[in-house]
Structure formats: C-alpha cells, structure tokens
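Sharing a structure below in structure tokens format, with a few things to ask.
Residue numbering begins at 1 within each chain, and the chains themselves are lettered A, B, C and D in the order written.
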Amino acid sequence: MPIIASTVAEAVAGIRDNSTVMIGGFGNAGQPMELIDALLGGGATGLTVVNNNAGQGDAGLALLIKERRVAKIICSFPRQSDSWHFDAAYRAGEIELELVPQGTLAERIRAAGAGIGGFFTPTGYGTLLSEGKETRVIDGRGHVYETPIHADYALIKAHTADRAGNLIYRKTARNFGPIMATAASITIVQVSNIVATGDLDPEVIVTPCIYVNTIVRVPAPTPTLAEYEVNQ
Amino acid sequence: MPIIASTVAEAVAGIRDNSTVMIGGFGNAGQPMELIDALLGGGATGLTVVNNNAGQGDAGLALLIKERRVAKIICSFPRQSDSWHFDAAYRAGEIELELVPQGTLAERIRAAGAGIGGFFTPTGYGTLLSEGKETRVIDGRGHVYETPIHADYALIKAHTADRAGNLIYRKTARNFGPIMATAASITIVQVSNIVATGDLDPEVIVTPCIYVNTIVRVPAPTPTLAEYEVNQ
Amino acid sequence: MNRLPSTSPEPGARPGPEARLNREDLARLVAADIKSGSYVNLGIGQPTLVSNYLRPEQAVTLHTENGMLGMGPEAHGADIDEDLINAGKVPVTELPGASYFHHADSFAMMRGGHLDVCVLGAFQVSATGDLANWHTGAPDAIPAVGGAMDLATGAKDVYVMMNLFAKDGTAKLVPTCTYPLTGVGCVTRIYTPEAVFLLTEDGIRVRETFGITLAGLQGRVKVELLPPLALRKVARTAN
Amino acid sequence: MNRLPSTSPEPGARPGPEARLNREDLARLVAADIKSGSYVNLGIGQPTLVSNYLRPEQAVTLHTENGMLGMGPEAHGADIDEDLINAGKVPVTELPGASYFHHADSFAMMRGGHLDVCVLGAFQVSATGDLANWHTGAPDAIPAVGGAMDLATGAKDVYVMMNLFAKDGTAKLVPTCTYPLTGVGCVTRIYTPEAVFLLTEDGIRVRETFGITLAGLQGRVKVELLPPLALRKVARTAN
C-alpha cells in the first residue's frame, strides 16, 4: 500500500543528494510542478535528472538547475526559447548533458522498468548521437545499442489515484508518467483526486498500484476539473 | 479505416499458404475461435503459428495442427493434457516447435511492433532454451539475446471496436491481443460489439485503430453479455 | 499517386506551375498528396500548415508523439485544456476516434513503422535521402533533438517540406549533408517551392517544377536529377 | 521474519514441529511468512494452496501472469466468467483495486523485479539456488515452459514449495541439478514438509525442522546445511 503524504514536502522528504530523479511531463502537461518545488525546497543536490526537457522559464526544473542542484541531465530537448538557466549552466560547464532521442529516452526508461538489459534501435543510427556506441546491422538495417535508465525516484503527475495506488491520467498529460513509474525504486505521484480502492474500473487503470510508493493530493485548478467533468 | 467484414470467412480470406499467423488468447480467454475455424475452412497451409499454446482438444488450433496446416509453431506451452493433436504431429516429426518462455514470447512480439531490432533478457539465461544463443553479462547478470517475431497476420479477439478500429478488451481476455495487433502486417479482430466512432472514451482505448485492419462481429454467447452488464 | 488539381478553376486557386509556390500552396500540395486513410505525423513548423488543407473526406488521422492519435485542430478560447497539447506544446483538440497512450507506446508506434507519412522540415537532404534537421553543428550551439530522429527513422514515408535554396542561394538538396544527420537514407519525397522530388531507387526524380525549367533546376542543384516520368517518355519517343 | 505460530492453541492447529508438515500446514507456513503488503505470484499446483491461508490483514496482492493484479479466489457457479481466469486457466474473481494489462506489460512487471515473492514448485533445487521445475529432460518428453523461467528470474524472492524427498527417497535439494534448469541462482527459500531452508550468501541455512533433527536431515541431504541461527548461538556458547 502506498504512503499517502499530507504535503508535497513530506512526499519528497526522502530524496537524498546524488540521487537519480525522473520527472514526468511534456511541456506543462503532466509536469508535477508542486513536487519539483518541494524537491527544490528540500535541498537535495548533485542530482541526475531525467526529463524530456531541461527546464523552462523561472520555475520548477529550471530553478533546480539555476540553483546548481542538478549535476547531470538526461533529456531529448534541452534548448528552448526560455531555457536560459540550463543554457547558462551548460555554457559554464556546470551541468552534464546526455542528449537522447525522445523515443530512445522513452524506450530506455521502459526497458529499466521491464527488466530488459539493453536493446537495439534503428533511431539515431549513423548520427552524432550514436558515436561511440555499439552498432549492429539487423536485417540490412543499422541499429544502435541502448541501455536502460533506472532511477532512484520518479516524480510524476496523474489525474486520479485510488488508495491502493492505481493511477489514471488525463489526455496528453499521460506522456512519461506510466513508464517512469516502472523505472524508479520509489515513485512519488501528485494527483488531483484520491478515491477509494475499488472506485476505479480495473479495465482503465493505466499504472497498476505495484509501481506506486507515495501519493500526495494537489488539487487541480477548478476550471480544469470542471472541463474534465464535462468531458466525462 | 478498417474493413468491416460481414463474415469470418471474408475476414480471413486473404491469408495465403506459408504465412506467419499470430493467434491471440490464453486458454479460452481471448481466443478468436471463430476466426481460427474460418482459417481452417479457408484451406491455407504451411503456416507458422504464434500462440501461447499448441491447441487443445478437438477444436480451433488443434484442428489446424491435426490437418497438418501448421508447419511450425512458436509457443511457450505446447504440452497439455488435451494437446493430443500437437503431440502426435510433434512425435511424427511433422511440426517444428520453437519453444519460448512466455515473457520472452510476449516481449519478442512487442519488439516487432515497436521497431526494436533485438534485446537482452535475463529470462532463460543458463538454461536449455538459451543454448546456441548470444549471451551477455550486464551489470553482473547473464542475459540472452532475443529477436523480434513479426507476423503476416494476427487473429485476435477483443470485446468492442469502434468503426475506426479502436479496441477495448475484457478482463484477462486482453492477454496477447494488444501486442499481436502491433506485430502483424494485417490484424484481423473478432469483436462482440461494433460501436460508432467516438463512442469509446479515448482514455480507455487499449489498441489504437492504427493497428487494426479488419473487424468482424461475432456476437458473444448471451450469458457472458449478461454477466458483463452486471459487472459494469 | 494524388496530384495537385492545378487546373481546378475555383476562385482563389493557387498560381499554376508557372510560378514558385508560396508556403500555403506548398502545404496544400502536400495535403493533397497524402493518401486517403493515412496515419500522419506533422512536424513542428512549416509541416503543421499541412493540417489546414487536409480534407475531411481524406480521413487522415493525425498522430502527435506526446501520446495521441486523432488529434484535432488547434484549440482556442474555452476549448484550451492544458492537458491536451501537441508536440509543439500548442493546445489542440480531440476528434472522435481519438486515443491516448504513454510515451513508450507512442514512440513504439513511430519506430515500428506504423505511421504512413511524416512531414518534416530540413536544413539539408542528401542525394541518398539522408536528412539533416536537428543541429547546425555550430561549436557553440546547444543541441536538442526531441523526436526528430524517431520520426525520420520510423515512418513509412518521410516527406520533407523545405525551401530548396538557402538564403545564400545554395541548394539544400546536396550530394552529402554537411550538417549533422538526423537519419540515414530516410527521406522519400522533398516538397519545395520550386519542385517536388521523389527519392527512388534510380535516384532523385523531379516530379514537377514550379516557375523553373528542369534544366534551370539542374543548373542550381548539385545532384543529378532524373526528369519527370512523362518527360522521359517524350524523350524516348524523340529518339 | 514472521514465524509460524506453532504454539498457538486454537483447535485444529497444525501439529507442532515434532511432525513433518502436511500440504495444508506447509501452505499455511508460507502464507504466514509473506510480508504484509507484498505483491505475490503463486505458481500452478501446490503453491496455489498458499492463497487459502493469506489473511486479509496481510493485504497481499496477487498477480497472475496472464494480465492481472488483484486476483481474488477461485470463482464458482454464477461468478464464473470465461474472460477471467488465472495462469492455470481456472476461473477466478476480481478484488477491489484490481487492474488488467496485456501480456507484455504483465511479464515486464515480473522481469522488472516488481513482484516481491513468487512461490513455485520444483523438481530440484541446487545448493546455489538453481531451480529445475519445467522439464524432466527425458528424451521423449515434449517440453513446455510457460511462464516458469520468467517467474524464476523476475521476482525479488523466489520461494520453492516441494517435497524434500522424491519417491525413491533421494533428496531434491542437490549439489547440482540433474534436470534442465529453469533459472540460475534464483531460489531464496525452500519450504518442505521436513524443513525450511534459507539460501544465503553463506550457504544453505536450515531455518527450522519438522519431525526430524538437523543431524537426521543432514544425513539425507547431500549439500552442506548450516544450522539455524539460534542453534548456532547455542553451539557457540557450548564451545
């Protein structure tokens, strides 16, 4: 059974220096902003962060990078119009970047959760991003060998959890959440709603409770909830 | 948009001799019995069949094997108390068997659908089933190299399709259906119900329509439907 | 193969092949060429314009790599939902028959060759279909790749939409890419304001030109161009 | 570590450690040893009996590899649903909090090390924890493996439930398996009617015996047995 934390600070309190932390989200959708803020508040440093991006504007992951808490980032798209904190840290040589094609990033996370030791993918073959990597031609097509990405913690956002820890998501906010939940030793989830065990239809659960360690409720802004109900 | 066939015979009419055919189901749950019967009626021979088992009793896949339409079977559990047709064909040397651990079977099917060229799994390392296969020690643990299984056709059973081809399943009848749908050039689905496009909640679709080529409605026996409604 | 209805008489129709195409006409041309019933991913930037010209009767289903099939048009006003965005992080809508899935499933769909077409922008395309569109290679550039390599590698057909000529006048269709590659031998067609190129086993074939002759085109492009099939037939007759 | 409440006075309690355990008592012992809140897969056959002795307050969640977490007891009568079966193809029920998933996701859950315990039968277990339970190796046997290798490889703890002695009296805990292996070094505990064995880094430690002395046990088993930790303490005191 998962821990149901009463605050985001409590939810992330166990995160130690030098941990590898996966952070869900693509753009703002599915981004566990309150958990990231709590991680910033908690003071852990020397982190390796796995996220699709490298922070935007002056919030969340960007602030973690600004404060030099992130020693290394594994992501697919660090450079954005508002990624100034990453850009500054990178140019100063104060953050290590491992750039991974987005689908390879997703598959490496999935592989970690699925107990796959490594895999060959055609993505990136013959490009800069496969330099120095093992390659293999399979059925006439070049492939690159890629390895799983495990994490100590995953911070993700879902829409609703039951008290057993089963999760459902909303629309494209699903993105990296389900796979990150499988790849981390401890998965910490912020949700808009917590319902009784048995209130979620077993057919529609996206993340089974086995992958969830800590849940914290962070109510969504009212308009989104209203929209959601209209859409149901 | 998928073809909506009016009969199971029409649905499988395109299946040629020497095709590789995946057949869904685990036990009776999710077994597309009527499509298998139609495949038997259609006369295709020299087939390679991918299924968890190798037929039971005197029905479905067992009859395909009895009639010597199956040149090779790729499965995890051929031997059962009522697998007499497989047993006879195997002892007569009239069917080739590729025995694969069940999870490796599932992962190889998934790899084919996901464009993965090959992967390392710890399952089967140091056993008879990895003899002659490439192995690699990863983080101190032995792994076996496994390759994708592609098929020409997948015959699967789902509960409901919309007219666009999106599918939902029921309970443990889901089993191999969603991954086989991704691994075959042509996926043929028997369903209990066909509904209008838009009638399935986008959040709960298990097989997106992109993986579905042909749908045929085979009404479920009434008791099961009644039970289903009670369970909803 | 679908052809642009260039002789269609409707008012506001694009200029005929005597002029180079503008961005909208190029997008309209790509849209018209997409086979009915296709599953398509439109890259960020110019390719996104293609969606404006897809006709409902084409029944094209759009994929966005952040986990959705059946993506609808951009959302406005009250339809904006921060949980429903496209790969460019723009709010979008949902069409009937849509489905959602996680990132690994989404990229499995791409990598596994299930999308019929993706349309991408490019810095350069080589004579053998190599694509460069993610990185200038400048020493001080911060690289970012996103889903570009996955799209280039995975779709059955990779259509590039780009200007044929860079600002300095040099062609972006090149013997060998000088920018870092996104994918090797992956491009199947190139749509430019001056011409449509088909990358075939025989080489690069010009399908049609706009406002330029084949000879004029060949004069500005440093890769050997094969003539349109119809022209070649004429040439054979003349021999 | 949970211990069997062997001195509990309730009527119908199992015989004390002075007698070898019967199948039900063995199942009760395994059930009592499973940590509260665990995710568990029970193999086909004898391990299935364990589910009869799991107490609700243990909050153990059962996994079945054909795609379900939160499996309930066997279904009977009107509760039978042909779409809801376990890995042994027996109709089962669904508990609150259950979820369904496809085969690749189910075995990813197993292979990825997410299950706390699986309980399996065995032909043999070796001194180093190798497991043989899928194939007799007889030349005319038709092999069938199912999910045995995945379970043996994937769970954090692999408990074997088996008779310690074969019909011919030879021990099934052996220096080296003679039957084909299911998994290498995967077994962490062995539950038998005569004793419970813990496979530790130091070797095979007897946790407790039933109806046999440690010396008697060692006389019939060809692998070196380490004494229970409590006994060892006594021995040290005696030195």
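Observations on the model:
Keep in mind that, in the parts below, a residue touches a chain if its C-beta (ideal position, glycine included) is under 8 Å from a C-beta of that chain, and two chains touch if they have at least 3 such contacts.
Quantities reported herein were computed from a predicted structural model and do not represent experimental measurements.
Considering every other chain in turn, the ones in contact with both subunit B and subunit C prove to be A.
Chain centres were defined as the mean of their Cα atoms; on that basis the chain farthest from subunit A turns out to be D. Measuring from the averaged C-alpha position of subunit A to that of subunit B gives a distance of 33 Å. One finds 58 Å separating the Cα centroids of subunit C and subunit D. The distance from the centre of subunit A to the centre of subunit D, with each centre set as the mean of the Cα atoms, comes to 36 Å. Multi-chain contact residues of subunit D, defined as those touching 2 or more other chains: 68, 94, 100-101, 107-108, 110-111, 153-154. With touch defined as above, residues shared between interfaces to two or more other chains in subunit A number as follows: 107, 110, 114-116, 121-122, 169-171, 202-203. Pairwise, the chains that touch each other are A-B, A-C, A-D, B-C, B-D. Those residues of subunit D that touch subunit B in the shared complex are 64-68, 81-86, 89, 94, 100-104, 106-108, 110-111, 130, 135, 140-150, 153-154, 180-184.
Residue ranges of subunit B in contact with subunit C, taken from their complex: 1, 110, 112-116, 162, 164, 166, 182, 197-198, 202-203, 205, 208-211.
Listed in rising order, the residues of subunit B touching subunit A in the complex are 107, 111, 114-122, 136, 138-139, 141, 143, 147, 168-171, 201-204. Residues 37, 39, 59, 61, 63, 68-70, 94, 96-101, 104, 107-115, 153-154 of subunit C are the ones touching subunit B in the complex. Note for the complex: subunit B touches subunit D at residues 26-30, 76-80, 86-87, 90-91, 97, 99-104, 106-107, 109-110, 121-129, 142, 169-179, 206, 224, 227, 231.
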